[in-house]
């Protein structure tokens, strides 16, 4: 059964149509990379999957929750779908541990002890167990991004969405975040990740999707897609080095 | 009988400062609650609420405090509430404070980056939970210096309610002047008492402001 | 016993009200111009003459931490004791000038401090005289930058002029108490007056915005 099922999704900002009828499916445990030029609608697609943007047409089914243009059932869906952004967006007034414990406590109603256990466990998973009492301001970019990932994981989501999570980082810090993502993939997490790290997508993602002008232009097993692109647009994208 | 401006007169003036302070606290309390509601309404997703709040802020900030005082004084009495002057004064100053605090706090709420709303929405927090746990705690930090600064305006504007007979500092000065005919001495003392209340608050506001900017940079 | 609004008696006194309105505009207009000039002058002086920094600072702090009303009493009731006699209107203008002058000093000072040294050096390197540099590179941009803050302060001053009724000046609030006593329609009177103040405040904001456009035509970005 598919964990993510997207059917004919259209999304416009005013007169600008950004998603022009997107359909895709993601199976449980699958890792799917989304690549494409800047402005092709990658972020918008992820944001729609989490219900952060209302859609004008089509249907989105994620982890058993259905989203349509009415926007009902958003919060239930978000409990099962984690999203991590390019800018980490940690809560600056809360310590690392409290950042992670907040949603399990107030949304899921976990006890303090249970939330604390989740924070310890997810921080260990991203390799930052010792930072539980640290303030977000005192973390490096790579550490902050890993905390943001831990914060999403603490909700025990069925799907994780990542939107260019390494793009804001200095090159020497991307490695630690990519390693965290790879660890998650190996642990069997269902993941959709928008990325410009082509080598990473090719190696880690089971499948890669190329978005072009608001549509899924080409998709296939990562190795095949990168080694033998079928469409001219993808060939140009992969060779041009243009983002 | 003309009296000298002696220690008992001085004491009368100084001790009447308690009503100035009482009015300030009442206005800060009531006006703070009302101002908080207005700030929230001002950033609400419901357009009519936003308009209502904007209208209230525009009214309070576009009209002399004296008019707010008369309007609430006569308005409330027409509504059948025969209020003692002190209460009417407290209410009108609360209206005044609500308009300014509402606007100050709106700015503070809106200066919390929108990404904080988004990140907390993505974690399935409800709108109320977003306010309670993520946005307001950050807005409060930003709000402290300008709020303290506004208290100085509030203290000074309590002088206006002297016109309906509340014997706070300004009114006390007036009464003593009528008895002593030494206006220079009397009103300089009155001014000095106001200064002793306001200046430390001004300094505190400036210190808080500076400290926050230093905190930001660090 | 429902209250019935009766505006006719109040509006019948429109002549008194308009006289009051006119006097308010006259007093506030004078005070705003003089206070604005005084503030600009002091802000510049405290930068140029270090010895004046301290006394100007004291003046600013004293004015900003005492009520306008008490300042008015000191000028109108206190100064005659020292031999300085004046009409209530004169006292009103003097108090307003001194009060607004202090706020404006502080605002313009902030504007002046926001002009970078490098810009002054650039001006001098273009062979402008010191005065030309000051006028075009320092003061102009500084005023342009703080014009919104100054404008808000001017509007506050207009509204504060209502306390002149405390010393029996027949400006708008003073006229109101006359109308109120003649008509016995207090609430209606103050509703009408409130509307007039609102209209004046709005009009002043528009005028100041237009004036800002004209005087500081170059687009200025807030820092």
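Just so it is clear, A, B and C label the chains in written order, and each chain counts residues from 1 on its own.
In this text, a contact is a pair of C-beta atoms (placed from the backbone, for glycine too) under 8 Å apart; a residue touches a chain by one contact, two chains touch by 3 or more.
From a predicted model like this one, the values you see are computed outputs, not experimental measurements.
**Student:** Looking at which chains touch, is this a line, ring, star, complete or other?
**Tutor:** line
**Student:** Which one of the chains is farthest from subunit C, going by Cα centres?
**Tutor:** A
**Student:** Which chain pair has the highest count of C-beta pairs that touch?
**Tutor:** B-C
**Student:** Need the central chain here, defined by C-alpha centroid distance to the all-chain C-alpha centroid.
**Tutor:** It is chain B that sits nearest the middle.
**Student:** From the mean C-alpha coordinate of subunit B to that of subunit C, what's the distance rounded to whole Å?
**Tutor:** 21
**Student:** Counting in whole Å, what is the centre-to-centre distance of subunit A and subunit B, each centre being its mean C-alpha position?
**Tutor:** 47
**Student:** Mind checking the centre-to-centre distance between subunit A and subunit C? Centres are C-alpha means, answer in whole Å.
**Tutor:** Using C-alpha averages as centres, the distance is 55 Å.
**Student:** Quick check: what residues of subunit C touch more than one other chain, meaning two or more?
**Tutor:** Within subunit C, no residue touches at least two other chains.
**Student:** Given the complex with subunit B, which residues does subunit C contribute to the contact?
**Tutor:** Touching subunit B: residues 3, 61-62, 64-71, 73-74, 77-82, 155, 159-163, 165-166, 173, 176, 186-187, 190-191, 193-194, 197-198, 201-202 of subunit C.
**Student:** Help me check something: in the complex, which residues belonging to subunit B touch subunit A?
**Tutor:** 115-116, 118-126, 129, 133-134, 137-138, 141, 218
**Student:** Can you tell me which positions in subunit A touch subunit B when the two form their complex?
**Tutor:** 50, 52, 75-76, 78-79, 82-83, 85, 87, 89-93, 102-103, 106-107, 137, 148, 151-152, 155
**Student:** Going by the contact rule set out above, which residues of subunit B touch subunit C in the complex?
**Tutor:** Counting only subunit B, the residues touching subunit C are 58-59, 61-67, 70-71, 74-75, 78, 152, 156-157, 159-160, 162-163, 170, 173-174, 177, 182-184, 187-188, 190-191, 194-195, 198-199, 202.
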